[in-house]
Amino acid sequence: MDTEYRLDLLEARNDILDLISRYGQGFDHQDAELLRSIWREDAVLDLDFFGRFDGIEAIMGAAAQYWQASPFMHHWMANPLISLDLEAGTATAATELDCLCTYVEDGTSHIGGRYLDSFVRDEGGSWLIARRVFEIAFVTPMPDWNPAQGVEAEPLKAGA
Amino acid sequence: MDTEYRLDLLEARNDILDLISRYGQGFDHQDAELLRSIWREDAVLDLDFFGRFDGIEAIMGAAAQYWQASPFMHHWMANPLISLDLEAGTATAATELDCLCTYVEDGTSHIGGRYLDSFVRDEGGSWLIARRVFEIAFVTPMPDWNPAQGVEAEPLKAGA
Amino acid sequence: MDTEYRLDLLEARNDILDLISRYGQGFDHQDAELLRSIWREDAVLDLDFFGRFDGIEAIMGAAAQYWQASPFMHHWMANPLISLDLEAGTATAATELDCLCTYVEDGTSHIGGRYLDSFVRDEGGSWLIARRVFEIAFVTPMPDWNPAQGVEAEPLKAGA
């Protein structure tokens, strides 16, 4: 492989890792601008029984609803495995999730599973998520886990 | 350092991060092919009081037993620190673990600790795990944590 | 961008990821040498209501106190987002934290939040933390989570 190709591969991998992190930080900090920036216009977000959303406007609409229902979220990502096809401008990744969501109505759930992603590189050279599918492993209520028991946690305001 | 050497270092680091992720995903998804692919033939897996296994067949045999005893596992890896010696074709890593295992007989345990790894590069240029030692920090029963309380989690079938 | 510049960027990113991991492993294993090695002399560590520490000696003094108060810590880092300015020799990062601390007096707390970091490159070319600010999301007591319930966990000795 030549130098240019090897650098492209290394940079593409980092760009894709960043998309995965931006999804987590975008959701957890209710950063709509950051969350919006990671998707192709026609992206699909399929969250299993949490819902399936087609297109970036549907995804952002879903995020706004989640932020109302669960103003307190943590998506800790781990163990990313990425496959790249630079010629095709496509990539896939499988990444594990360890997640806590505190719902206004039902309290805190511990959620685990795996994201299976497809990425495309657009004409400008930016990698974007074309499709993200969540495989649920567990959704476990944690009635005794309450962030407000200790330090007064400050749930973010939806849309802030 | 010349370009070739710097690229080799960057790629080797990524290869090693992938081995660490493949261990996690191989175990957690009972993917025997993926799990098998990361070890040198004579690799040692030393899991402290969970057992020590010499050679790839012993490791795979142990995995099959774990999958029967604990059909529900999550190995979330974090904080990897990697040291490389390209000339020698060797490397080491220390990586933290946050883990949940739900045992058929004893319920769920939260397990934490650190993996200390040694890697070698084979003649084909592939990095493999030569030795993985787990330092246990804690193994804590979580009697109130039950994935089946909420959404019906689907434990994987051993060997599937 | 030329090859040299692209390699510099890739290496700087890895160096910064290593600083983030070294903070975690330094704290969790009470490795004073490792923890000391990541800071600029005049670094600031601002841990919100856990305290603010100016300069490397104050930071190391704080670490020694934490190790006495909470001999059992786990800082699992996730979702790093890094911005680099190679010309200026500066960088920033935002990284999520999932943390357990077992305090001698108050038992175990689950702590979550985000680190906001500033880095500088010194004359020797090494990246160091200039400022680390922790944004607390929650500090939640876990009275039923006790590492000593199960396997006898061995809390590290402060300063060992």
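By letter and in written order, the chains are A, B and C; residue numbering begins at 1 in each of them.
One rule holds in what follows: a contact is a pair of C-beta atoms (placed from the backbone, for glycine too) under 8 Å apart; a residue touches a chain by one contact, two chains touch by 3 or more.
Since we're looking at a predicted model, the values are computed, not measured.
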For subunit B placed onto subunit C, the superposition rotation in degrees, Cα atoms, nearest 5: 120
Copies subunit A and subunit B touch via same or different residues, half shared test: different
Centroid distance [mean C-alpha coordinates] between subunit B and subunit A, Å: 24
In subunit C, residues with contacts to at least two other chains: 3, 7, 10, 76, 78, 98, 144
Parts of subunit A lying in touch with subunit C, wherever the complex brings them together: 3, 7, 10-11, 14, 18, 20-22, 24-25, 28-29, 72, 74-78, 98, 100, 144-147, 149-151, 153
Contacting residues of subunit A [partner subunit B, same complex]: 3, 6-7, 10, 13, 49, 76, 78-81, 94, 96, 98, 109-110, 112, 114, 136-142, 144
